[in-house]
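Multiple structures follow.
The same subunit A turns up in both complexes below, where it pairs with subunit B and then with subunit C.
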Partner chain A sequence: MKSVSNKFLVSAKGFAAYFFSGKQSVVYYSTSVVRTPYHVVDPSPWPMIMGANLWGVAAMFICWVNEISLDSLYWGIPLFVLTFYSWVRDIINEATFQGFHTEKVQSGLTLGFILFLISELMLFFSFFWAFFHSALSSSVEIGCCWPPVGLECLDWSKVPLHNTALLVASSASITLSHNYLQWGDIWVATATYIATLGLSVMFIKNQYEEYAWSSFSISDGVYGSCFFMLTGLHGLHVIGGTCGLLFCFVRMMLLQFSSEHHVALTLAIWYWHFVDIVWLGLFFIIYIWGS
Partner chain B sequence: MASFLGKLRFLKSPLTRRLATSVDASYKDSLPAKVSGHPEAEIKRWWAITLWMIGVCAVTRVYQMMDENHGKRPEFIPYQHLRIRKKAFPWKEGSQKTLFWCPITNAGSEGYLEMTPDEELKWGKYLHGH
Partner chain C sequence: SFIRFSGKYPEHTHKNDPKAEELLSTAKFDARFQMCNQDKACWQNYVDYFRCIKKKGEDYEPCNWFKKQYQALCPGFWTERWDEQREAGAFPAKI
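Coming up: the complex of A and B.
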């Protein structure tokens, strides 16, 4: 079996090898190696394929919203999954198994992630701006008051307060888990990590229940639009953050993290804290002040 | 079958290392530079925060469940600025129903809609119980 797969590797030497062999197929050797702490990445097809793929996904969404036939675009989803898997696998190979991630590379990745978090903050900032624009000088169409006439707001001391407690508790437990990992005790780190994942799943379920029973929807004027745009976007971020934490959990179980070097986990935890802080902003501004 | 088990070989190393009990990992030997000078105090503090927050979660959950009033239907007044239906959503019945449609609390543009048989099965018991 092994010799067959090796022959396949040697003969194929193409993109197919990436998908079917599960190993890095082609190694590029340069004649002179410059010694720097930076990582000069081997040529990779994934960024370009991902770019084309994301165009396909965007086109899918546009066709769906405008009720145009999607038949020629269904390749987008499986290709996205494959490309994402392959790219991330390559990064993990380079970092954990080939040792390319020096301190310089780690700090570069961290800086890049901070910039990404700032861009996410800007995204939420723009929707908060829209909310304040409508709420501070309520137009005559909604009754010159906020919340608009005829809209039953949610009681902030019920579901939203519980959601706040869940997210703050999950931030605390993930910090605890991280401390235990740095300390070297992986069993307690695992237990507290599972508690974090459980709390986040409870948040998602609770938020879904609230959405399912809400008396107003996204098409209920500017209040509905602002409310569901903000909370919905936040909910998607929570789901994404939970997927990131789950992914790092699997890597932690496979012992790919050491007590000092675990950039992916650190960044996933930062993302989780970011999601928590955005929720606190949402809670105090939209739920309490806005009702 | 053999190739599938062969693919699981990547689990051998982590599992072996985790279950190994011959090495007694003492944190004092390998204290990483990033951890603060008093890890016991810091960990105790985070345990306190976490456990207190879980307590708060329990209290808020009970408080949330106390006033759960699922069958209540708000009075319908045909406001122009609510229940806007200019463009249909791209799903079935998108001209009337939003994504998280609740037939008990959500109304169409002219009033509360009749429940379909599926909706009656799922939501009927809440409405008729009140």
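Coming up: the complex of A and C.
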């Protein structure tokens, strides 16, 4: 990285060049200089390689559902992990160690994540629509009532209530952890963070047990389909959210977060709150109302 | 069965002839199912007929109202399928 003196900013004639000076990207044109707080990224091979890896993932999925042998495709997984790791390592280098993530960049990342959360909300909205479509005017094949005739629903006051308590408590503890980080007390932040991770693991274990011992499956009519699509999708989001929180935990332990600047952690916490709210919707609508 | 020269219809129509009325009439309007799709009406009348018989006995005449309704509304293959399910104890409704 060159350090540039403010007074002698002379451009090379005829072409623009990018210089990075601390927290600002400076763009040179032939007649003027523009300082911009935005992050003009270096050329990087990871997006293209990730594209190729995603092809491999898609090929694996297609072979899996068509029951073609996957033996020739297993190399896709370690390559995917490697590419993901390299790309994210580059981002962390640029953000934490090179200082490219100005306020503008942070707010841009936040906006992008909010849009992503809205798209996830739409995904769940569509499955809730499907549930209400079948539940509100039950068809004759299931006996014009909901839950369908002959289906033993799960008792909401047992495991689902426990799961609700787990997720709400984990939301509270992650908020606490975030606040302690902002106040600068990293040890309590770590402790409450570990509590959050523990609660989420308990939730995942509970859901696994419910799935294993349930009296109905996804192919048991429209109730089974709606129930397992919704709770299954939610479970995948919980697992993904937990992975995100774990990743941010590692970064926190490596002291890559400051008490003001920790965008990744904030976004992971928002994702966790989203997962919690979706579970509350699931609990009240599917488990309580739908039984 | 009890409409005679009601005054609302011309003399020669079947409305004034009880026997013709019985032969030529179809399912009556049910305000609970107002739309074109009458599958719930078919199902409801089928279930109500068998609940009526179960409660009141086979010889109770007013149960036949439900029977006429469902015979007019339901497709034959639905009624046959449900009859088989009832005999097997697999019909998805509480009768």
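Here is the rule we use: the second predicted complex is superposed on the first by the 255 of 291 C-alpha atoms of A that agree within 3 Å, B and C clash if a C-alpha of one lies under 4 Å from a C-alpha of the other, contacts with A are read in each partner's own complex, and residues count from 1 in each chain.
Please note the rule applied: a contact is a pair of C-beta atoms (placed from the backbone, for glycine too) under 8 Å apart; a residue touches a chain by one contact, two chains touch by 3 or more.
Everything quoted here is computed from the prediction, not taken from an experiment.
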Q. Just from the overlay, do subunit B and subunit C fit on subunit A, or is there a clash?
A. fit
Q) Can A:V65 be said to touch subunit B (first), subunit C (second), both, or neither? A) first
**Q.** More subunit A residues in contact - subunit B or subunit C
**A.** B
Q: Please work out whether A:L199 is in contact with subunit B alone, subunit C alone, both, or neither, and reply first, second, both or neither.
A: first
Q.
For A:K158 in the superposed arrangement: first (subunit B), second (subunit C), both or neither?
A. first
Q: State whether A:I142 touches subunit B only (first), subunit C only (second), both chains, or neither.
A: both
Q) Once superposed, minimum distance in angstrom between C-alpha atoms of subunit B and those of subunit C? A) 6
(Q) After overlaying the two complexes on chain A, where does the subunit B footprint on subunit A coincide with the subunit C footprint? (A) 141-143, 148-150
Q) Where on subunit A is subunit B touching in the complex? A) 1-2, 22, 64-67, 141-143, 148-152, 155, 157-159, 161-162, 164-166, 168-169, 172-173, 175-176, 179-180, 182-186, 192, 195, 199, 211-221, 224, 253-255, 259-260
Q) Residues of subunit A touching subunit C in their complex? A) 139-144, 148-150
Q) Which subunit B residues qualify as touching subunit A in the complex? A) 2-3, 6-7, 10-11, 13-14, 17-18, 25, 27, 30, 32-35, 39, 42-43, 46-47, 49-50, 53-54, 56-57, 60-61, 63-64, 67, 70, 74, 77, 79-85, 90, 98-102, 104-106
**Q.** Residue ranges of subunit C in contact with subunit A within the complex
**A.** 39-40, 42-44, 92-94
